[in-house]
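Next up: some structures, all given as structure tokens.
One chain, subunit A, appears in both complexes that follow, with subunit B as partner in the first and subunit C in the second.
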Partner chain A sequence: MTTTPPILPTYQAKDFKSDLKPIWCPGCGDFGVVQGIYRALASVGRAPHDIAFISGIGCSSRIPGYTTAYGFNSVHGRALPIAQGIKLANPDLLVLVAGGDGDGFSIGGGHVPHAIRRTLDITYIVMDNQIYGLTKGQLSPTSKRGLKTVTSEYGSLEAPVNPLLYVLAYGANFVAQGTPADMAGLADVIEQAIRYPGFSFVNVQSPCVTFGMEGQQVKAHRATMKTLASINHDPANRLAAMDLAQQYGQSLHTGVFYKNPDPPPTLDGQVRERQRQLAEKAIPRERILDMFVQK
Partner chain B sequence: MSPTPSIDFTKLTLCDALDLATIIEEEAKERYEEFAHQMELHHNPDAAAFFLFMLKIEALHEGRIAGRRRELFGDAPRNVRRELIFDVEAPEYHEVRSTMTHREALETALRAEKKAYAFFDAAMKHVADAEVRSLFSELREDEIEHAGLVEKELAKLTPDSKIKAEDVEDEPIAH
Partner chain C sequence: MDDLVIGMAGSGGDGIVSAGESLIAAAAYEGYHALMTKSFGSQVRGGESSCRVRLSTNRVENVGGALDVAVALNWEDFLKFGAELPVSGNTVVIYEAKTGVAPEAIPLVGVAPTEVFAVPIGDMAKQAAGSDKAKNTVVLGLIAGWFGIAREAILRGLRKKFIKKGEELVAANQRAFEMGEQFAREHPLKQPRMMKRPDEKAGKKLLTDGNDMCAAASIFAGCEFFGGYPITPSTEIMQFYTREVWKYGGAVLQAEDEIAGIGAALGASIAGKKAMTATSGPGLSLKTEIMGLASIAELPLVIVDVQRGGPSTGLPTKPEQSDLFAAAFSAHGDVLRPVLAPTSVADTFDVTVESFNIAEQYQTPVLLLSDQEIAQRKETVDPIDTSRFKIVDRRKPTATELSDYHRFRNTEDGVSPISHPGMPGGNYQGAGIEHNERGNPTASGRVHQAMSEKRFRKLAPLKRRTDLFKVEGNPDAALALVAWGSIAGVCREAFLRAKGDGLDVKLLVPWLLYPIAEEVYRDFFASVKAGFVVELAYQPQLYRILRMFVDVPAGIQPFNRSGANPIQPREVVAQLRNASLSLQQPAMPPSSEV
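After this line comes the complex of A and B, so read on.
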């Protein structure tokens, strides 16, 4: 610590915490996730009114309401298209999207590849608990094979979706994973994702304490997790990232899997540029009617 | 290794240390407030009442340290930010359950006090300033006192029933 006056960031984590108190089950992993988001946003330093936080439906989709950002708890599986529309309409906004594994990889699964290929500058945080918690414990797209739930009494016969591999295969330029078992690491990957210029994806292994598996709880994470930094993973190496991502469901790796060191242009940036070019040839607003009125 | 890598304990001044101690208590106080609310929401008045009791203890402690800081350093700017710490004295979010018993709530708080003791104990090994060392030693002893308070409360309780909430829950847990 120095004796000179510090340069303090403009915002603190508490500035992003709304007056609404979360109603998740006590012990839920999402409590940690929202704390990680507050801290990441404080570090990024954008004002709450410069942020739009969009979600779908599910326990984790309540998150926008627990922040002071503008929020839209929207329609099941449709958070990504809404967020893309918002970003295109107002590219100056910092746009965050949150949801669960069911919202993102089942009903909303078809939107993920398009958000990735369009490369809008938005951050998608998935709270992956491998179960439909809000509706009382049905199989979700990331539930492991053999899992017994109310909808799979004798054990699931389906292989799970691997969210990390899914987004990497579609060409996502920033892919990370975190867990509330490592709060500092979680806040860090969320911050890196927000700062990344383009579509960024963070899979958070966020345990469901009511319907989730014992092996998916925070204590188990802490006992088994391995940071990617500790195994000297190079986040610029996409193939190595895909190799590690294949271990989803068997090993818990946290940190940045892939970060394209040469981010492609974002769609919102390109749209702005196109608008600027077209604006030069555009008819002035006061002459718009001339296009439709015969003289 | 430093107990919180984001803080350089070797450079900590007394003013910084008092600020750090204040935010540690503030974090714990807020966590107990959140837990009390969660328990009220989930119809667990015993655990809620206990977490409110802990909130008051942490608030008193926070007030005492903050008062001392004001007395010694007035309005000197704060170098230590809340964002530097995670769950030092605050029990972690995953430690509570809606069905937890009064005893389990006390055990959660006891673990948190012991965790805070371990933090100051580990931090002392990295502290260079004599005054800071003395303060950390004092705070470490405070944690023993707090743990003692909780243990006293624990001793008053009758043992929990052998039937756990999970045994009678009608909702299936995935397995």
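After this line comes the complex of A and C, so read on.
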């Protein structure tokens, strides 16, 4: 009988931290998010070079650059399509997608339902701060009705998007929320999301210290947040999750809203299967024109 | 005869396009050179449909001019195609007798064809096959009978087509075909016109359209990913991928929109795979932002734009050459993006492989500008020896380079080693934001200048690729034609005819449209006093771009008109003849000497 060597953690959080200094304002919630990602990635244990981390545009979309993974800071709203192309081209990669609420629920909102229904094994982290920070304080799709900003001088007349309810209604199989006010909880939901086989969504209430509302800062989160575990929410219950998600904007629930215990087959898995089934039917590339010969 | 142009029109259910397909398949089997275009009204089903088939014992590169044979299953539909089905006095006109129109009263304005036949096509079909569905088979019989084309190959094709539905249907169609032949025998042409047989050595040809050729060529070039969104007339490329790409270990994504289509393709390229997307005009506009991203992130990507009439929805089923400005210039920021255009189904293979090679070699998006005619016309193609093509792959970093990896290293030729996720040691940050050699974001004007210079410098060798230009004729000729895309085939025939008529003329057909290869044009124009840049668009776009970069001789003029108004070789020949006459007139002395 051979002895199994003791399992040592292959990576530590610091292995995922790059040398680049974040452009974020001191106290920005995104510092907590990137810490949560370092911890989750260390725990998952994939090498940085096997991770593709794709983002859109916004303060939060600078995040891939602060990791040692392969990063891509793309264009506004298009991180999800790009990430899906990467995953389809190489299903072996761990694919992370991140962006702000504007990226995911305004300019790129049309991509979210499709990313969800395709069930590619990727993780989408939205840093939701209810404001456009990089462009200095305009309304965002998750801004509260009545919010006064530089583009809503007299208060917003529009109702906000509810990201949690949206993705649940679109059929997401893994939906969670976190806040940097609870780092352990945040790292945990990110890790669970990464480990979930299929499309997983994490909404992070990531306060903007410069343009955000006072009641939405880390300190306020700490005072008001309620973990879903503490109220005995069953994450396998999708309708209960939707019920709780309706309180978005009023109560801050953190933890896993919904985790389908019976995940559907992933698209990348099915693509591999199809490739395997059809491989033997390939005409060698150099003879591909034979298919046009009149027989 | 060695060249025959047939045009047929009817209602959607008449199977006229299907007859054309049977005919060209048989022609390809026999070894004829052939080309077929289809044209439809805008209805999804029903409505009018037509096709043109040109058969020849010589190479054919365009649909030809006036019809040798016109088939009208009803006149209303036939006339809707106007200039697409031009009839001359020499045209043999065949039409459905049931239309009740007398041969001397056919509704064609300005021409009086001498051979006109009212044929009870529907009745013959019913008699032979019990259904007028076989009308198109009767038409095939008439054509085979009068012009002696490919009888056995057509029958063979009909058998192949109908055998799945049973022997009875095969026999019924054979009877319908033979009734057509018999009618032709009983009503001989006043002036017999039997087609010459193709050369025995001609051999079988490939038969396909530009979209399928482009897709097949891309797979040959090593493409493993397609992301796109359905849009006429490019969709067949994606359809091909959904059938084939899995076999090569690749994948295809029918995305939720045009932007996601190119986004996914860009993602695949980031992941180290050759990738493409395809679209038409409106989709090109939507993809423009990510094309800019591909330029600054230096990622290989092939974008196919199958041009159609525009702007906006325009004429989505008709050819036009009006996206060249958009292809060359639709960019935010300082961008140089190669644009290539095929001129036929056959060279769509070469140009597609070149597009991938250039994209990989220079880590750049490449725009492949096809057009509706090339994309959707069927064409016989001589077998292509794929071993003469070199496949280029992007420059991977060496172990030494990985030890201190600079993704955007400003090398001498401007091309940097490129890694991809999954490659140990190659980790980098790609971005749409300006970056230094390591990929880190910067707002430094100095770095921006240096990186812009690098991105332009790496593409400079393209302009010296004289193999991307086809030049024919006497190099010292004073008379010249320049043409690109599907119109190049029209101009080549015009060039050959003009030469045959004794005109001293030369022809330049660029595959590489942008960047403008100034020296190629300078050399070509050195001897030129007069001639034309021929384009199918209201604005002569290549002509205008040439004038931005090259001293175009004053005697070179645009000859152009809007899409869906086919330009015929004889018109180009007439233009050349006029230009030649003007050259022969003694030059006017300068006014000061008068």
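As a working rule, the second predicted complex is superposed on the first by the 276 of 295 C-alpha atoms of A that agree within 3 Å, B and C clash if a C-alpha of one lies under 4 Å from a C-alpha of the other, contacts with A are read in each partner's own complex, and residues count from 1 in each chain.
Here, a contact is a pair of C-beta atoms (placed from the backbone, for glycine too) under 8 Å apart; a residue touches a chain by one contact, two chains touch by 3 or more.
Computed from a predicted structure; not experimentally measured.
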| item | value |
| --- | --- |
| Which superposed partner A:I82 touches (first subunit B, second subunit C, both, neither) | second |
| Subunit B versus subunit C as contact partner of A:Q217, first or second or both or neither | first |
| Touched partner set for A:S43, first subunit B, second subunit C, both or neither | first |
| First (subunit B), second (subunit C), both or neither touched by A:F31 | first |
| Partner chain(s) touched by A:N73 [first = subunit B, second = subunit C, both, neither] | second |
| Contacts of A:D92 with subunit B and subunit C, given as first, second, both or neither | second |
| First, second, both or neither for A:I288, with subunit B first and subunit C second | second |
| For the subunit B and subunit A complex, residues of the former touching the latter | 5-6, 8, 11-13, 16, 34-35, 37-39, 41-42, 77-83, 86-87, 92-98, 100, 171-175 |
| Residues of subunit C defined as touching subunit A within the complex | 25, 28-29, 204-208, 212-213, 216, 219-220, 222, 224-225, 227, 246-251, 253, 255-257, 259-261, 263-273, 275, 289-290, 292-293, 297, 349, 381, 383-384, 386-387, 419-433, 440-441 |
| Of subunit A, residues touching subunit C in the complex | 20, 47-52, 54, 57, 62, 64-65, 68-75, 78, 80-90, 92-93, 110-111, 113-114, 271, 274-275, 277-279, 281-283, 285-289, 291-294 |
| Sites on subunit A touched by subunit B in the complex | 1-3, 5-6, 8-9, 12-14, 21, 23, 25-29, 31-32, 35, 39, 42-43, 130-131, 136-137, 143, 147-150, 180-181, 183-184, 207, 209-214, 217-219 |
